[in-house]
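Each of the next two complexes has chain A plus one other chain: chain B in the first, chain C in the second.
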Partner chain A sequence: MPPKGKKAKNGKSADSSSTPGEASTAASLEPFPPAEPGPSTSTAENKPKGWTVFVQSQIFFDITQPPTPTWIDRSVLEGKGGAEAAALWLAPRLAVTHRLFYPNELGKVLGPKSQEEIWKAVNNSPTFPLRVIKRRQKAQSFGIDSRGREVGTYTLPEFEAREERRIKLSCLLLLSNRFSELRDRERRGFDKSVVVTEQEYLEEKARRKEMAQLQKKLYGTQGMAKEGKLALDPEWDDVTPIKLEEPEKALAAIAYTADYAEAMSYLRAVMHAKEYSPRCLKLTEYIIEMNPAHYTVWLYRAANIFALKLSIPDEFVWLNAVALENLKNYQIWHHRHLLVENYWPVIASDPRAIAKFAEDERDFLTKILAEDTKNYHVWSYRSYLVGKLNLYSDPEELQSIEDMIDADVRNNSAWSHRFFLVFLDPKNSSPGVPATQPDSKVPGHLVDREIAYAKEKIELAPQNQSGWHYLRGVLAKGARPLTSVEEFAASFVVGLGEGENEDVRSTHALELLAESYIGKEEPEKADLCFSRLAEKWDRIREGYWEWLRQQS
Partner chain B sequence: MNQPTLPPFDIERQLKYWKMCLDRPLPHHYLSNEANRMALAWFIINSITILTPDLDESVGARTESSRSDSSVVARTESPTSDSSVVAQTESSTTSKQLISPISPEDKPKLRQWVLSHQQPGGGFASTSSLVFPLHAHEQWAAETGTETTERSGMANAPGTLFALQLLALLADDDDPAGAFNGVDRVQTLRWLKRLQREDGSFGEVLRQLPGQGWFIGGGYDMRYCYIAAAIRWMLRDEELPADQPGYVEDIDTKRLMMYISMCQSYSGGFAGSSRDEAHAGYAYCALAAIRLLDRPLETLPGYYHSELIYKIIPDMSRLNRWLAWRQFVYLDPNTPSVELDPSSSASVEDGDIVNFLLPKSPADLSLLTAEDKSASLLVASNGRTNKVADTCYTWWVGAALANANQSAFLHKNPLFDWRASRRFLLEKMAHPIGGFSKYPGGPPDVYHSCFGLAALGLMLEPGLEHVDPDFAVPLNTVKVIEKARAKLFEQPKRASALALDLQKMGVEMGGSSTPKWMQTLYGFT
Partner chain C sequence: MGPKRVAFRWKRTTGTMSPSNPQQFQRPSSAGRTTETNSDSDSEFVDEEIFINARQAASAMIDSLFTQLPPIKDDLVTHTSELQDETVDIVLPFLSGEDEEVQYNEHGVPNLTREKHIQFLQQSLGRLPGRFVAADASRPWFLYWCLSALAMLGEDVSSYREAVAETARSMQNDSGGFGGGGRQLSHMATTYAVVLALALVGGEEAYEVVDRKAMWKWLCSLKQPDGGFQVCLGGEEDIRGAYCASVIITLLDLPLDLTPESPAYKEDGSANLFTGVADYVRRCQTFEGGISGQPNAEAHGAYAFCALGCLALLDHPGRIIPKYLNVRRFVAWLSARQYAPEGGFSGRTNKLVDGCYSHWVGGCFPLVEACLNKSKDPKLPPPTQSLFSREGLIRYILCCCQDQTKRGGLRDKPGKMSDAYHTCYVLSGLSSAQHQWLLDDDDEDANLETAKTPEWIALPYLDGEQIFDAKDRVRPIHPVYAIPQPNVRAIQAYFRAKEGF
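For the complex of A and B:
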């Protein structure tokens, strides 16, 4: 800060910002820089370049610390040569004072020669105070700035700019305290006229952001009281986060961001307090954005929705967007499941609402399955939904699955869902019968229909496992023997065991033939199938075919 | 098949990868597994244990006669007995003992870290971020097993499984029986019982939902059924009479088995629920869960024969068939040596092509697998029909086949092509910096790296611990679990005997007859 008559204040503020320390540098403690007399006015701009806070501070120290009586013995002044000593004592003070504040005045009083003599006397005199003056041994630190630089080495304009920030921060702090006061009064509720408006909340939020930036610029991250997004949000003032402290030895720590660590520490605090509130809901959204795979956060979100009795359809809308952004995530689908369980009582007695809900869900599922056609968790949710809303015989559901199989005949997830739709429909099946076991309640025409369907799709891709699994599954369910499709299977196998003529279009067909022959007690034929599989057509399962042959 | 050549397996490089995972924080992209930190810890410690077999037979678990037996078998039946294999693998996997990066001094500290996740209501939290300071649990009422606050219910089923196994993996060499010191067996089993749903299935967590009471969270997932069976086996003693201290009512095993049996899909594999698609991971879980329900408390590893699986699994032959069909010849999309079926699947994941490529016809495939070419055959496994190759399914499929055939010696399993599977893991999935990736050319991660090692351990890879197919941990660690469990039961027995003596002494000194409450409670007069 330039002198401009603010000497006292400058000194004071510099002191208040400084912390005792040894961070100074020797260079900054040089005695006076060489005199540079010349045209100047008493402003900071005209101070010599490199005139730092340290230099300024040293000068003030020298001026404002008069020599103590022990330093200049009165007898010296009174005795012989006392006048000279007195003059020597006084002259440099005059010189210094003048040089600092009245650089031009000195020139007016003394001629150049006189000035030179004074400086010479000052510099040579062994008793001159500037040489022996009791100086601070070490410069006091003015603090370290955010980049680790000693504030004492700031040039004066730099220092001025820093002071501006400090003043601004102080003012903001006052305003912020005022806000907190008001908000506390509002919460106490004795004076109903005290209302903190939304606008004031937003202002405070912006203010804290600014304060944090100023604080960071001034002091770096060290010693900062508040830094995180939530710590700066006035909405979270009353929550003391429960920070996670890692012991000396811990396993599998993850290098996550400070934002995530902060958010989790607030989550711990509100879960601990069992708080359910809109801000907690927002917190879960914030964490889910960073890590959508934290099951606890999802459960806590659900708890908030139920506690606050929030609209479940609204949550579906939000969830759809999150699901599309996180295709591989499965907590989302558990959350959805839980929501449906809680939404169901609302719509259960309203067929139109159920139909509407089913349609919305199917639209969304179609959309998300288009992104990832075999996503296990989506399919799992879909089958749950079919059971919940009883959509087994909904023609649209079956059609939707047929479309998917038409698009990719190897999509086993779609095949599996089809089996579920047709054969686990409570209308057509007995409860408690495993999928692999025959069920007499399954209507014969459905079995016929599905056998035909499987055959048709197998013709399209004879080596497709999905179709053969399905065909076998349908046969078992309908208690039809494998022999009933023997002819069909045989159509994929030509000239077995006939050397060059032998051709197999589907190893699954050959396998089925073998089992069919076993069923008909034609072991030689079965043996041939197994050995041809082992020797040529499916060598990687050689051991399996041998094992089957021994078993039969 | 003639004896194919085997690629060498660089154990030291693998260990280097795991040392890195042990010493440094995992990179940021593991954030999505932050909730499963205990599992990540298990992957790291289990892998290091598999990689550093204890060749010094004098140590605790090794001196067991049963262990020596299985070691003998392991040695004589190991792949190294094929002379050609020895030549191939000797350079990389000699009998040189690798030093575990986990020092004996660190083990108690790491166990302490694991134990710090134990919840007052039983079970373990699955991540440190759900561990609250002690004062948070003040309202816990231990006696009744009920609780009034949300915070008491942070225990998680997978977290508990992995924590218990970590304690065994990190047991002190000179005190394997002390591995479970500090585990609240009774509360954990009580909590486990509360995780079971009406239909017999298990969830992973218990939470109070406002206005709805207790909710069993975690979806319908065969993994939790397996985990429940595993925790039960690790902590339960069937013999303990109901009137003894330390007795806990069992889970409903009947309903659990019923639930599992209903999850076999029409294809033969198992799904998470009766409605869903068969999945190799769930098939493994279903089989291992049933086996663990009748696994003896102390077993000769690899030898116990479960009768229960034949009773519970509706169609065992279809399960075998489905598991055998999970294996397929892996065709590299970049160097197609056969004509490919254009409709077979290949997709791009993080810039790499993952695939389930099929030859245009079986004839093309038969050319590829002809005898003279089979030496370089790569066999991958998928988790579902027509899905892509993935390291972990070599484990899930291989271990499920080992269990279905009741033998821990996977290299003798007729349904599993261990040579070509091993070749696939080492040539396509092992990463140059160590570890295994999810798909060929991908980056390694702790999950796939751990199960890649477990699969090799199941194939008796020289230089690795032999792995128990029910648990994916070394057989030696299972022995530690058995001892640690036994010790947990000694304590209450000792304590109750002491209490009885004191009471008797008090009665005698008082010169009166035994009070009625004492008669009813302890049954003595």
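For the complex of A and C:
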């Protein structure tokens, strides 16, 4: 600490003991204003409120450093040369340390006669350079505060408040160190009686927060050792965060918030140390809250859960809330997949547990699909789950999909899932048959049922492509020719090529019809369908219709 | 037209409008209307009158396919049809040349506002504000999206070489691959993006960033016995993984052998990095004909591109695609992704058009065409004309996907904010629509070991009328690697010439 500061502090404590307000302190000093303010205190006035720390410090210096008798070599005063020699010896010293000669101070050392002689000597001396003695050149800095202001320019009340904080911070630091010591002893474990209580832990957390605030007020963010949420948390004391070092020219660098940057630097540290612990789990939750699209964090979270053998159902509960808040996020769904994989061995041998789990999952999926009916990742997960839990022929699963198709017959995701449920059920299908290829293992009654279902839904909205894609998919699976639905398709097409009479209610019907004609080797009929599609009913796909016509 | 036909409910859908595009609120939604007359205008609005006349002339040139409702519409209203109606409502004024702030050419198509898009992309490569935190695990994508888009816009991106190399280096893991940022797990998607970004800036300094030996080992550790790839250690397995891996392997000229540590390793050495990949792709084709992200899910445009791209890297598309996919059903599904009047592509059946599918779906067509052009199967004839409406796609892109405010960039659809992702893939789609690719016909008996990467030749597509101005043609990209071809050749040649790692 700079000597000036120490002096100022001493001075402050001296007068704070005598008076509650600096105004009176200043007033008592009024008879001794400096001849001139310090170099950087040009605004200082001879008024109590204008008195800055610099001014105060100067006056204290002047008062508290009188030339004491010990300074004066009595042999000089008493020896040859007498007063003149003494004066020449003494005067520079006075001049250097004082800007003024205080007559009463000098009087404490010398008798009136000696004083008179000194002054005479000084005045008469041809060598004593009274006028060129330099004053102290510069007031030393009292430090810079958090806003970049010189503390020396503080008014006394301001300075008082600042000192209050400094003292408080020092006290808190002592308590904090005591806590750390206690906790370290607890960790070493030699003395079992040393226990850090929850209360002490919470106190320390609050204390650090207060310390950080004080530090910030006193010194700003510069040079602060700890500021972030984690750095202030005693739980993370033993972790040295790994800061991200972006190269100077890094492209698309993100200006992270302080909290995110801090959390990530702790994550890097614990991942590097391969730590799996409850605090790591908490950390992942904290980061996911800020950025749910971070695959590294999710995988690390899963690793923690599995390493700590934490309750998977608990994690599902937590995850459901996160998923509902982040509908478009897909890391969530891989995480869920990993959870199921891990949970499966626990329930695999218990049909009731499987049924319960399946029900819970379906409830949740229904809920989230109500928010976002075609969410790709939710549907992908759903098909995975059906496979894992063998829910293909679960009537509730099929019913749930039918409900969704009833709600929106154009929900193609629901149609896709239905196809998967019916035609990829291992019970009813051969493994490895491509989706567009016939499968002899698919029972005929299922094919019939699904054709009827598709037709019924197509009637509701004939231009809905989902129903037609489904119908064609079913036909292909069941090795049924397109001609088997030709009549159905034809019901949506009236008077094709007959000018005014022509009416088409579904381009998909017309397309199917055309391909059916190709199969029956009726190229003229097919040709007409393609022409009408290209010319009128679905012109944007003209190139495609032309290509199909090339095949007819 | 039968009695079934009902009028669209032309309601305002301001909820999805972006405040950054106030001009779109000023225009009336005028469905069947193709021209605007201004009988109230008097002589003091001569300029405006001339402008409107020009507009009339322009809109007369727009095929009603793009300015009117589709000829068939079901009565039944569901959530899906509501969203579709709203979308048509939003895009029609843009397609009809009614944006007063915008100049249209004689085909009713605005210019590509290159300078604005370039500026937008350059900004996206700079320091991103804190709200981009969700992109913290996908920063390499920003490199690829922006550099690729800049390259397509004709910018020389080699000036970014040092910065890309430095950035990439900070994301590389000693255990191979690149993460989404420093000290993040290596991920297939981010590695793909980094490798393409390095190829885009080119040069030894960029290429040498990649630790190829570690990369190879890492890829081996992700290879699964069923043929697919996990996207990262402990991550999901999907078709993105297979496509990204194939791109990385072939661009970096990595050995195909598996390390003994690989989950797919076989004692007899019969398995390599490409073993079973095509089978995995086959399992992703759905009953609709399209491709799903993993087996048994819904057909989706983005995965369709991954599937075809992946196959096209394994062998000539003409041989491998018909071998593993039902091409007829695939093309049927692919073609059905294009909607009118929008002109753009949707990603799935009964979903909305989105500018990004201009690439994911639009980018499939060059590969399909390369496949059909080689086909000897009468059921799969070489098409005599474009399989999709290039005009429709170009209209959708230039009219609807450009953010015409000073922000610039391209977007999903009017009312959405432009972003780097859409800017890249919309421009890639524009490149697909403006060019055609020929694939040199290699030897029939060439097998996988000796076959070189087939050489693609890009030509401007010139059949029919060009509705866009000549200066608005973007640079063609490689149909599989989605970066300019010279960049593909350069990086492949560099690593091929290297001995060992």
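Note that the second predicted complex is superposed on the first by the 432 of 552 C-alpha atoms of A that agree within 3 Å, B and C clash if a C-alpha of one lies under 4 Å from a C-alpha of the other, contacts with A are read in each partner's own complex, and residues count from 1 in each chain.
Here is the rule we use: a residue touches a chain if its C-beta (ideal position, glycine included) is under 8 Å from a C-beta of that chain, and two chains touch if they have at least 3 such contacts.
Given the structure is predicted, the values throughout are model-derived calculations rather than measurements.
S.K.: Have a look at chain B and chain C on chain A after the superposition and call it: clash or fit.
M.R.: With chain A as the common anchor, chain B and chain C collide in the superposed model.
S.K.: With the two structures laid over each other on chain A, which partner does A:461 touch: chain B (first), chain C (second), both, or neither?
M.R.: A:461 contacts both chain B and chain C.
S.K.: Please indicate which partner A:238 is in contact with in the superposed arrangement: first for chain B, second for chain C, both, or neither.
M.R.: The answer is neither, since A:238 touches no partner chain.
S.K.: With the two complexes superposed on chain A, say which partner A:276 touches: chain B (first), chain C (second), both, or neither.
M.R.: first
S.K.: Applying the touch criterion given at the start, work out whether A:268 contacts chain B, chain C, both or neither, answering first, second, both or neither.
M.R.: both
S.K.: Could you look at A:307 and tell me whether it touches chain B, chain C, both or neither (first, second, both, neither)?
M.R.: first
S.K.: Return first, second, both or neither, reflecting whether A:498 touches chain B, chain C, both chains, or no partner chain.
M.R.: In the superposition, A:498 contacts neither chain B nor chain C.
S.K.: Report for A:198: first if it touches chain B alone, second if chain C alone, otherwise both or neither.
M.R.: Once the two structures are laid over each other on A, A:198 reaches no partner at all.
S.K.: Of the listed stretches 171-179, 495-503 or 513-521, mark the one in chain B with C-alpha atoms clashing against chain C.
M.R.: Superposition on chain A puts chain C right on top of 171-179.
S.K.: With the touch criterion stated at the top, can you tell me which chain A residues are shared between the chain B interface and the chain C interface?
M.R.: On chain A, the overlap between the chain B and chain C contacts is residues 242, 244, 246-257, 260, 264, 268, 271-272, 290-296, 299, 302-303, 334, 337-338, 374, 376, 379-380, 383-384, 387, 408-413, 416-417, 419-420, 423-424, 434-437, 461, 463-466, 469-470, 472-473, 476-477, 503-507, 536-544, 546-547.
S.K.: For chain A, which residues are in contact with chain B within the complex?
M.R.: Within the complex, chain A touches chain B at residues 242, 244, 246-257, 260, 264, 268, 271-272, 274, 276, 290-296, 299, 302-303, 306-307, 329-330, 333-334, 337-338, 342, 374, 376, 379-380, 383-384, 386-387, 408-413, 415-417, 419-420, 423-424, 432, 434-437, 461, 463-466, 469-470, 472-474, 476-477, 503-507, 536-544, 546-547.
S.K.: Which stretch or stretches of chain C touch chain A in the complex?
M.R.: 1-2, 4, 65, 71-76, 78-81, 124-130, 132-139, 142-143, 146, 160, 162-164, 166-167, 169-170, 179-185, 187, 232-236, 282-283, 285-289, 292-294, 296-300, 326, 329, 331-333, 335-336, 338-340, 343, 348-351, 378-381, 383-389, 392
S.K.: In their shared complex, at which residues does chain B touch chain A?
M.R.: Residues 1, 21-22, 25-28, 30-35, 37-38, 40-41, 44-45, 106, 109-110, 112-114, 116, 128-133, 136, 149-151, 154, 166, 204-205, 207-212, 215, 217-220, 261-262, 264-268, 271-279, 314-315, 318, 320, 322, 324-325, 327-329, 341, 343-345, 358, 361-363, 365-366, 369-371, 374, 377, 379, 384-387, 413-417, 420, 446.
S.K.: Chain C touches which residues of chain A in the complex?
M.R.: It is residues 242, 244-257, 260, 264, 268, 271-272, 290-296, 299, 302-303, 334, 337-338, 373-374, 376, 379-380, 383-384, 387, 407-413, 416-417, 419-420, 423-424, 434-437, 460-466, 469-470, 472-473, 476-477, 494, 503-507, 511, 536-544, 546-547, 550-551 of chain A that touch chain C.
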